[in-house]
Amino acid sequence: MSNNLKIGVIGAGRIGKIHSENIARFIPQAKLEGIADIMLSPEQEAWARGLGAQVVSKDPKDLLENPEIKALIICSSTDTHADFTIAAAKAGKHVFCEKPVDVSIPKVMSALEEVKKAGVKLQIGFNRRFDHNFARIREYTKSGAVGDVHIVRISSRDPAPPPVSYIKVSGGIFMDMMIHDFDMARFQAGSEITEVFTNGAVLVDPEIGRAGDVDTAVVTLKFANGAIGVIDNSRKAVYGYDQRVEVFGSKGAAQAENDAPNTVKLSNETAVIGEKPLYFFLERYKQAYVDEVVSFIDAVLNNKDTAVTGEDGLENMYAALAAGKSLKEGRPVKIEEVK
Amino acid sequence: MSNNLKIGVIGAGRIGKIHSENIARFIPQAKLEGIADIMLSPEQEAWARGLGAQVVSKDPKDLLENPEIKALIICSSTDTHADFTIAAAKAGKHVFCEKPVDVSIPKVMSALEEVKKAGVKLQIGFNRRFDHNFARIREYTKSGAVGDVHIVRISSRDPAPPPVSYIKVSGGIFMDMMIHDFDMARFQAGSEITEVFTNGAVLVDPEIGRAGDVDTAVVTLKFANGAIGVIDNSRKAVYGYDQRVEVFGSKGAAQAENDAPNTVKLSNETAVIGEKPLYFFLERYKQAYVDEVVSFIDAVLNNKDTAVTGEDGLENMYAALAAGKSLKEGRPVKIEEVK
Amino acid sequence: MSNNLKIGVIGAGRIGKIHSENIARFIPQAKLEGIADIMLSPEQEAWARGLGAQVVSKDPKDLLENPEIKALIICSSTDTHADFTIAAAKAGKHVFCEKPVDVSIPKVMSALEEVKKAGVKLQIGFNRRFDHNFARIREYTKSGAVGDVHIVRISSRDPAPPPVSYIKVSGGIFMDMMIHDFDMARFQAGSEITEVFTNGAVLVDPEIGRAGDVDTAVVTLKFANGAIGVIDNSRKAVYGYDQRVEVFGSKGAAQAENDAPNTVKLSNETAVIGEKPLYFFLERYKQAYVDEVVSFIDAVLNNKDTAVTGEDGLENMYAALAAGKSLKEGRPVKIEEVK
Amino acid sequence: MSNNLKIGVIGAGRIGKIHSENIARFIPQAKLEGIADIMLSPEQEAWARGLGAQVVSKDPKDLLENPEIKALIICSSTDTHADFTIAAAKAGKHVFCEKPVDVSIPKVMSALEEVKKAGVKLQIGFNRRFDHNFARIREYTKSGAVGDVHIVRISSRDPAPPPVSYIKVSGGIFMDMMIHDFDMARFQAGSEITEVFTNGAVLVDPEIGRAGDVDTAVVTLKFANGAIGVIDNSRKAVYGYDQRVEVFGSKGAAQAENDAPNTVKLSNETAVIGEKPLYFFLERYKQAYVDEVVSFIDAVLNNKDTAVTGEDGLENMYAALAAGKSLKEGRPVKIEEVK
């Protein structure tokens, strides 16, 4: 098992737990060597020990300075991502960083620079690229089955809005929610976004409007290769988590529907009744969370490019910034304008 | 328009009306020349004139003896089918006869003999062979896309039982209802039925049981080519007219789902809700009623074999008889036993 | 049959034939009294006579001046629509006019004025409102099943582009093709469009670009009620005629998929293979063409408002003009700007 | 964690590995205390240690006699199931036994008697009851949504036949393969099978016939509650693992389709192309293998009846024996005849 990559996880919150358990259970080519969280509770410590972690600490330095650990997964609060990324890079460790690297572009850039200098791998946690449905569409677009891409169409709607207190610090719908869809659009189009135009509205909850954000948005995109994209977001789809992608091209179209918990249909006097889509993002993207880390480990062990680079993270942020600016100014905004 | 086939329709009830209107509206290669019904009402007469029929009469002889009329569609009551078929054949007219030719095998045989002697075409009204779904499956089985046929699976369920008064004179579920499915099974298997075994029960309405019939039946079939078939019938599917066929073979399976009035799905807090299947057989098989007559006219005008022969009608009846016998005797019955 | 509405059809081209045959075959509450076409061929004359038309002429005046005829269906070339509408109104006849009434807004307005003055009914041929799928969605939005409308999403793609010669005189993709989708969007949103923004590209055929048009377009809409819309059009979907609508609201979403010629799925070693959508618009909207005229006749006979008014036609044109302007100027355009 | 159930697994083959890993990874209310396999290899030992098993041995007695272990999962070769069940019962341990308990009815009966005497829990590994699709159908039948059950229809087809060497010792298609479907039929009908009739054929591979078995079978069932069942089996569905269930009743029908690896559809010039069903049973029933053990543990910890009892196993065997007898004798066979 010399190929075994020893990994440390910084941050033992919801997403840190997911990654830690995935590594411990499903990823034999890695070993969960350590877990650090500055607020580590006794329960978290017991849980971490139960997963077999050797180093369990309140001090991330215990991971950063541990020579056994070759890669770090950064799941701490967003405002610490860039600093940990830089520290990890300086320590010569590969980095898988949850999105976003930071909310400030210059800070992201300096982190990326440090990563480059150190020659370590960096992957950003845009997990949806690894979703079984969306990855299958990408296979079709890559294989040429769809031909030249003409239109990318994404519907991405949450089952319920987060608390307004969260929305206030989230960076807004484009940076917090649609950023995943910008990544998906770029991934599927195989091209960079050059211009965005935003329609936004407060239709779900006026509190969201008072917090300075919108809860419903439709954004159109121009891509460098000439294709057109459109993303619609809503903070509240009462029927569950709605995640659909369609790529239309010169040779056909590939279209992913939602996942449901089962295939059963009940036919009765009234209707034919099927299941709603899976409600919760952790359930919907369960396997994608495993597969993105598997991909990262493969990149590290076999010296490949990571599947979602720091530049991807940066481009997605530019799109989000441009979308916000477009909404504010009521005009299409070129990506160049926000670079 | 020398190719135009002049047709007479005997019987102006529900199905006679369907055929008459279809010819008048949709089948330019034929002309609805005459309509006869021994109980012809003034309303029926007006309707017939409105369709352009030249001969409208209470006496079928007016059609049988009319030299302009080259083919007859027999839609009168079942007990008159054989006699009109014989009379038509003797008059040198081609015959499209609604199923069954008769409920008595010897009478059917003598009608078939007369048809043969006269050298006229005979088609029996097993319209489901012309259904867009089932015809598509047959294309797949014929083209070899399914390979050798191993299993034919048919679900055929009515939305509601007919009146018990009808059931008493209907010949029973096998002769009245499942006979369509025997025809479909033979059509899809491309082979004759050699043995049947019946499970039957009275689960819908005890009155049907008191009338000496069952309302729910599952019949398994052996085919001459080694394939196995299974048909299930119910007199009452609360969600509508359930008509599905599946052919499973060495290279794959072809499967037809029900038709629905529209494709809309409503997703709400409760479920994803779609439309029930079309409820009524005339709606479900609307186009099939046109296409079977088009096929008959083509056989007449271009001297081809008809798509559903008198022998098909006979074989379907043998299967129905054997199914009834199997139910009664609680054992598998070979078709030979009822021949 | 005193309720019988006698109708004249002006123009015996493709769409005039459809309406004439539909009235003759399927609409008992109307009678096809006359057909006029300035280029009437002997074949067209025979066809018109075959449908039972009493007046068959090269001169539309023969219909306009016929006191028996109470309503006219105008299917002549677009440049004559307004004049015939005006003439019909002056003659006191109700008008069903194929879209558009004219390509010039002032001409449309004067036609509408004349119609108003005459107090006759006017319906414009936006047939898709009568489509079984889209009408079902509208039922859901009207009944409140979808709640407040937040997003209307329309994909509308043709199987193949028309000849470039046609495109040159068509008024462009927005006036010729997307105008149907503007109507659908307004119909489903139950609100007027207030602003549009256009992304357009030449991705299908450079000749279309040289003709001054685009062949691929995504247009976002703002509605007066706060909802957001998005329409995507392509002149070429290789898999057939792609016509889908989705309405997303506070209580759920209603979504229509394409129609296919049958429901059969073939499962083999490679895949599960289903039918492509219906290819041709006349097949896809076959019943809608009947139902829009039935609705018109109902409005006339029972003195109701028509389902698609002249004002609807006008609003759709404003949207098309604004979409073209938005594409040209690269900015969102308010409908007011083009009024 | 006093509620934690310590479990031993006997047999470290394919299915023993599944259960062991599931307990170690997904079932926090249990602990994988020991693993025994009489042929234990060094690799298996390392794997068992890696899962945290304290006792890893070639001798099952090390589990049977370990006072810490409260329940045993028996995954050894079929001929040892009954003996281990008896030994476990005598040792006061609860038993989860893979199906079948034995191929000889008397041996099964004496094992069941021993279990009863010892007062321990016994669950048989009919995992499909825990499948997300089939469990959902059962919810519908239990809640009354389907009304009285009239017809249970099961298609169950393997992607490829096992080696003929296996078939020779398998007990035949009814005991080896269809036994799962007998269990499913009884589970869904909520009633016992009283009579079976079998159609069987050798259509996949003549070698299977030479081994004295059939590879294609359709079996109809009578249930004590009057319902009718039908099961079709094939050893080879080229498109993958085909597992569908439908329950039709007085108030409606519940129908489960196959699971596919993703929801993507590719529409191109030829067709609309979707994914084949999941190919492999371990993938198809992945979660069901977890859930059956969770259910067993719940029964043990909370002193409930197990979800699949020894009597269930016995009834399924009777059905399989009767189906074989029916095929051989060409007549319907009552379950009583084989008791």
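By written order: A, B, C and D. Residues from 1 in each chain.
Following the convention adopted for this analysis, contacts are C-beta pairs under 8 Å (C-beta built on N, C-alpha and C of every residue); 3 or more make two chains touch, one makes a residue touch a chain.
None of these values were measured; they are calculated from a predicted model.
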For chain A and chain D, which third chains touch each of them? B, C
State the smallest step count from chain B to chain D, taking one step as a move to a touching chain. 1
Between A-B and A-C, flag the pair that has more C-beta pairs in contact. A-C
Please identify which chain has its centre, taken as the mean of its CA atoms, farthest from the centre of chain B. A
For chain A versus chain B, what separation do you get between their C-alpha means, in angstrom? 58
With chain centres taken as the means of their Cα atoms, state the distance from chain B to chain C in Å. 39
Just give me the whole-number Å value for how far the CA centre of chain A lies from that of chain C. 42
Of all residues in chain C, which are in touch with two or more distinct other chains? 237-239, 251-253, 265, 267-269, 275
Take each protein chain as a node, join two nodes whenever their chains touch, and name the resulting shape: line, ring, star, complete or other. complete
Residues of chain B defined as touching chain A within the complex: 237-240, 260, 265, 267-277
Contact set on chain B toward chain C in their complex: 25-26, 132-133, 136-137, 140, 145-146, 251-259, 261-269, 275
Chain B partner, complex, touching residues on chain D are 148, 150-151, 153, 155, 157, 197, 199-201, 203-204, 216-218, 220-222, 226-230, 232, 234, 236-239, 242, 248, 250-253, 330-332
